[in-house]
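Right after this note come the structures.
One chain, chain A, appears in both complexes that follow, with chain B as partner in the first and chain C in the second.
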Partner chain A sequence: MARKRPLGTEEGRAYWTMVLPAFVIYMVVMAFPILLSIVLSVSNYNGGKMFGGEQWTVIGFQPYARLGIDPAFWMALRNNLFIVFISVFGQIPLGFILAYLISRRLVKFPDFWQTVIYIPNIISVVVVGILWQTIFSPYGPLSEIFNKLYQANFHSHLAAIFQSFGQFDIKNVPDSLAQKIVNLAGPTAASNFSNPVADLKDLMQSYDANQSGMLVNDLTNLLAPKWSMDFLNHRETAMLPVLFVILWMYTGLYLIMFLANLEKIDVQIIEAARIDGASEGQVMRHIILPSLSGVIVNLAILAISGSLNSFALIYAMTGGGPARITEVLSIYMYDKAFMNGAFDYPLANAVAMVMVVISFILIGITKAFEKKFGGKE
Partner chain B sequence: MNKKIIAILMVALVAFASGVFAQEKVTLNVLNYADATQAGYSDEVALWAKFQADNPDITIVKEELNNEPFHQKVATYVAAGQMPDVFYSWPGGRSTAVQKKHLAKDLSKLLPKDLLALWPAAALNPKAQDSGYLSELPRAITYTSVMYTNVKLLKDNGLAIPKTYAELKRMVPKLKAKGIIPVAMANKDTWVMQSCLFSTISGRIAGDAFIDQVLAGKAKFTDKPFVAALTFVDTLYKDGVISRDSIQTPYGDVPGIFASGKAAFLIDGDWRQAAFLTDKTSGTALISPAAQKSDFALVEFPAIPGEKNPGLISAVLGTGMSISAAIPAGSAKAKAAVKLLTWWYGKEWTTMGLETGAYIPARKDIKSDKVEPFTTMMSAYYASVPKTGYVLDGVLDAAVCTPLNDGLQQIGLGTKTPAAVASDMQAAFDTWKAAQK
Partner chain C sequence: MTEEKVYTSHLGQIGDFLIKFFSYVIMTVFALLTIYPLIWLMINSLKPTPEFQISKLSFPASPTFANYTGAWKIGDFDKLIGNSLIYTIGTTIGVIFLSVLAGFAFAKIKRKATKPLYASFIIGLTLTTQSLMIPLFLEANLLHIYNTRFAVLLIYIGSGLPMGLYLCTEFIKSVPDSLVESSRIDGAGYFRIFLSIILPMTVPVITVLAILNITATWNEFALINILVSKTELKSLPLGINKFSGTLSSDYGKQFAALTVGMLPMLVFYLIFRKQITKGVAAGAVKG
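Up next is the complex of A and B:
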């Protein structure tokens, strides 16, 4: 139980002299914005001077009700939970495994791997976002490489078909040739022509007899399957590249943190266990993991709060699109607060409150797990 | 005698004092919209410096941003309820909050009458601004839909500028066979399809009168004409006229794609012409003036099946500068702001705007023979448009326009039907309308 320190006593005065500045700073910088955010989330404030400007009042939980019926909010929440999942169950285990391999010198050149894995953390998230956006772009290097491969393959098959027909009158293309090409092209032919065989014949017959090489090249351009990043356009899969980049970028951070804590474990204990016949797996399960349980919980809290706040990387990479399918809560909140010229501050603050509540719930679950299953450091 | 001397001294003192006050410097905080990468930016910088040199009694503290960062900064100013003294703004759309909160002064009462007389009546229409008054003087009428056409590319492939949609559709396999993108658009930003193409489609198929009826509650977005307009967007994607890849194409990428001959057409707003012009500092251009003249054309989107307003193109009052409503009327700061705006809308600045291709001025007396072909072609394009129509984000509230913008992308992705998008819009409109009561 906290001791009472009456202001009249010397101890009390000393206590308040030291505590008060921090308390005031905390109230102004931390507590006041949080309280204000709570108030705004149940108000009809829509910008302008807060005091002395337009009248605004507390209207209750309407903004929360509006959130509940907005599918975009649920989509953003779902995406955020994916990020939390990949952070807690992807970055932390992966970071730990890599740190273990490096600290136990189970890989060659440990310093090199440590540096390589950590490097993405020192690059600006915006740069990383743009870099991966370019890689995943329909005009980016990945599409370019795959399309070249597809085209080369299609070209050789197409050339073989032409060869099998030998010499034919280009102004009177045989139906069977057109049909074979349509069969080779598959869905691409259907997407380009309403009547594939007839339309393809028309197109081929517009070429001259001495343009057969050009014709094969052009048909390859037109009909070769395209490797497109179509999965970026589907709500079920659009988050995959984002999750991959998040995993790629932040695993190094957890690696460093685990490495620092692994260094603190007495090597003699591990050596003694090994001499007693413990396997590498037993060392990890019975010595290292219990020693790091507190660290794992702290990193999980860090991962959860970081995941719920994630903004810059996704904003730079996808902007929440297309059609909001990669939007997360922070982008949704930002959109409501600042975009489109009409600003919805109550809704944006309601989102912030939801994020805080979710953070507390997830951190509570993590702490409960640690209490039940964690060891003592 | 003494009294006379004292009186003279008093007058001299007052004159001296007023002289001193006249010399007092006024600081104007200006939020300008400028893209430093745009050709013509150096001319703009030079003119700002000239104004500063010519007006030592005014100190300009200028902040320059463009695109989203600009709008975000405005949002924070609006949230604080304190706009900069002079700021760049739109008559509605992204400046809706600024306008509706009346954060800008009425320029019709401040700017010289002889200056305002140089603008066409349509640009001075107070009802065309969300504020209901002249909160900014539009420096141009913006045509948001232009089909930039690579005529040489078409010609090289035995094609010509299409007059109908059917003709455009027929070109697609031929262009794709040559590895050419038929129509480039940057639809990653949701506003682009709505502003640069769909508003025109909606205007041609449904018409402005239909939108007016919806706003008046006498029609619904789910009615046949509007759903038909949305369905046409679906057709564009299904026919391959516009690639679904365009939904992943950032806005900054398309000028390069078009200028390098990778696309036969580019659909964008009239402002995009400036991206192709010569940058005076480097002397380079994405499309050289000679090529602009010989190889390119600016045309309207071809005739759409079922259109009832042939040739209609979406257009909206352009941007301008506003003066913060918070500046006390008649103060030295207010006078300085008016002086700045009078100069900004003046002949020298406006001519620079025309010559750099930044915009085609609405001001009637601006002519120049130092313009590049695209700028001349743009004026001719304006003249060729028989009828202009609404840009939908200029007439619909953001709450209604957001499901439209998102929905146009969803149609492109094939994740939502045109009817479902119309239904979402109507629901958003009903909610918004109910909240206005």
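Up next is the complex of A and C:
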């Protein structure tokens, strides 16, 4: 700090000229919206001119009460907490493990791994969201891969069944053979035939005895189980792809941050401890983890505030659908304000306030945790 | 070499080998999982959509750039890329200039106002403007700046200021006071000192801020999505998002659009990856 000087006007003028532009912009972009949000969240404003238009007044906490009884809000909150959870307990440990392997030189070419695994972070989340939407779609590559695996599997089982029956009259297939095929197919047989065993026998009659290879292929195409994307429609599992993509995208970020801090630890201390007979686990517990405790807390805060506010990735990937089961708070808020002519600004602003408060609470918990358990260097 | 020896000596050669082997397996799996979807995307952007529908995992029979010309037209990409450049450059310069200026004042001019002002910026570090998108949208309407470049730049710069100011103030604090004081005694004004002493010394922190703001602004979606509706003002991510809804069954064009959305930053990253990873690690000081 500069030593205190008598308050010359030149100094004061210079100070305020340098500080005010940043401060005014900051007030306009952050402080005013927060105040506006607080006021609107307890009002009955529903669009239109804010001043001089239709009258609106402060009505109290009724918007918050409406939030509390909306099941969609609780669904969004639950999904958001899943994301917070996977960020704190997924990305951070994974990022640490990868950074550890690199920093201890267990793998060569440290720059290469670091560069590759960080790539998803520099791509627009919109690109990432749409890309994975297509990958997980029923018309995407994932279902093709699974269907091919299912088909190959089905084909070999079917061939084995035919093999075990040796020679048989294709114009009069034994019931036990047809039954075995129906059993193998399971649900696809029931959906293709009304009377599976008889229908299958009829179908097989249309082939000649020397066409058994073709028959096996055709039956495979017809009866092999299809990869089902059903889990995307269930509220228990619909978030799994989103959580996976979040892990895919951001693990590299934590890798980079852990690596930067691991490289700061003096290698000689670790080596000396090892020579003195400390095991790798002891080195981890007594040297590496204590020196990272502050970093871990900072990264947890970063993960929490980042994941509470995640919007664009889910907006691009699922749009909150199907049937709003992948909505998070920010998307719920967006829908309430902008979609279907809702213009429910009080409710939307109440959500914004809830998000701000939750992130402060979680960050507070993290800091308290640090005070209690951290800093024992 | 010796370091590795020390590390695993008690496990013997087989343990040594196994640890390395599994380390490579883990890294390789992660790297492939990261990179393969992106390579797959680029390969399939060269296939006509009907060919993709039949076979999603093969190489294109005869690679074509037709998807790109189609997507480029539909997405209005030359306009949007221009806009993205304006927003990115404007935001980056704005944040850096304002942050270094105010950071200098906070760090080297002792005033009572510094404590509360600086604290208010620090609070902003834990907030993201994304959660304020509804009030920001209403404010833009209130100020009659909805659908203007000015609003986008203003809000982007405001979003970048807490981090910018924090990094600059902390950095300039480490500049010796004596440098500033001796110039003052020589009769130099604060702006002269700013230009001739502070600005050149803050190049490292300016680099970090440039990296953070360029990547964040180029990819930003949530805010600009609610601030502009005119195509002439949209940025690249908004254009890419068009390929998610109604156009999503034309996979060829979708993949071309996604590749266009991804390549500029990918190239930027591969050129500046050292600075980017360093800058990101330096920016991880929130809280």
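Rule of thumb we're sticking to: the second predicted complex is superposed on the first by the 273 of 377 C-alpha atoms of A that agree within 3 Å, B and C clash if a C-alpha of one lies under 4 Å from a C-alpha of the other, contacts with A are read in each partner's own complex, and residues count from 1 in each chain.
Criterion: a residue touches a chain if its C-beta (ideal position, glycine included) is under 8 Å from a C-beta of that chain, and two chains touch if they have at least 3 such contacts.
Computed from a predicted structure; not experimentally measured.
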item: First (chain B), second (chain C), both or neither touched by A:Glu11; value: second
item: First, second, both or neither for A:Tyr139, with chain B first and chain C second; value: both
item: Which of chain B and chain C A:Phe338 touches, first, second, both or neither; value: both
item: Which superposed partner A:Gly252 touches (first chain B, second chain C, both, neither); value: second
item: First (chain B), second (chain C), both or neither touched by A:Leu203; value: first
item: Touched partner set for A:Ile301, first chain B, second chain C, both or neither; value: second
item: Greater residue coverage of chain A in the superposed arrangement, chain B or chain C; value: C
item: Partner chain in contact with A:Trp227 - chain B first, chain C second, else both or neither; value: neither
item: Which superposed partner A:Pro21 touches (first chain B, second chain C, both, neither); value: second
item: Touching both chain B and chain C, residues of chain A; value: 50, 133, 139, 319, 337-338, 345
item: Chain A residues within the chain B interface of the complex; value: 46-50, 53-54, 72, 133, 136-139, 191-193, 199, 203, 206, 218-219, 221-222, 228-230, 232-235, 319, 321-324, 337-343, 345
item: Interface residues, chain A side, partner chain C - complex; value: 1-5, 10-12, 14-15, 18-19, 21-23, 25-26, 28-34, 36-37, 40, 50-51, 97-98, 101-102, 104-107, 113-127, 129-135, 139-141, 144-145, 248, 251-253, 256-257, 259-261, 267, 271, 274-275, 280, 295, 297-299, 301-302, 305-306, 308-309, 311-312, 315-316, 319, 330, 333-334, 337-338, 345, 348-349, 352, 355-356, 359-360, 363, 367
item: Residue numbers on chain B that touch chain A, as the complex places them; value: 71-72, 75-76, 78-82, 90, 92-98, 100-101, 158, 172-174, 176-179, 188-190, 240, 243-245, 247-250, 253, 257, 397-399, 401-402, 406-407, 409-410, 412-413, 415-416
item: Chain A-touching residues of chain C, taken from the complex the two chains share; value: 3-4, 6-7, 19-20, 23-24, 26-27, 30-31, 33-35, 37-38, 40-41, 53, 55-57, 98-99, 101-102, 104-111, 113, 117, 120-121, 124, 126-139, 141-142, 154-155, 157-159, 161-162, 165, 173, 177, 180-181, 189-191, 194, 215, 218-219, 221-222, 225-226, 236-237, 240-241, 243-244, 248-249, 251, 254, 258, 261-262, 265-266, 268-270, 273, 276-278, 280-281, 284-287
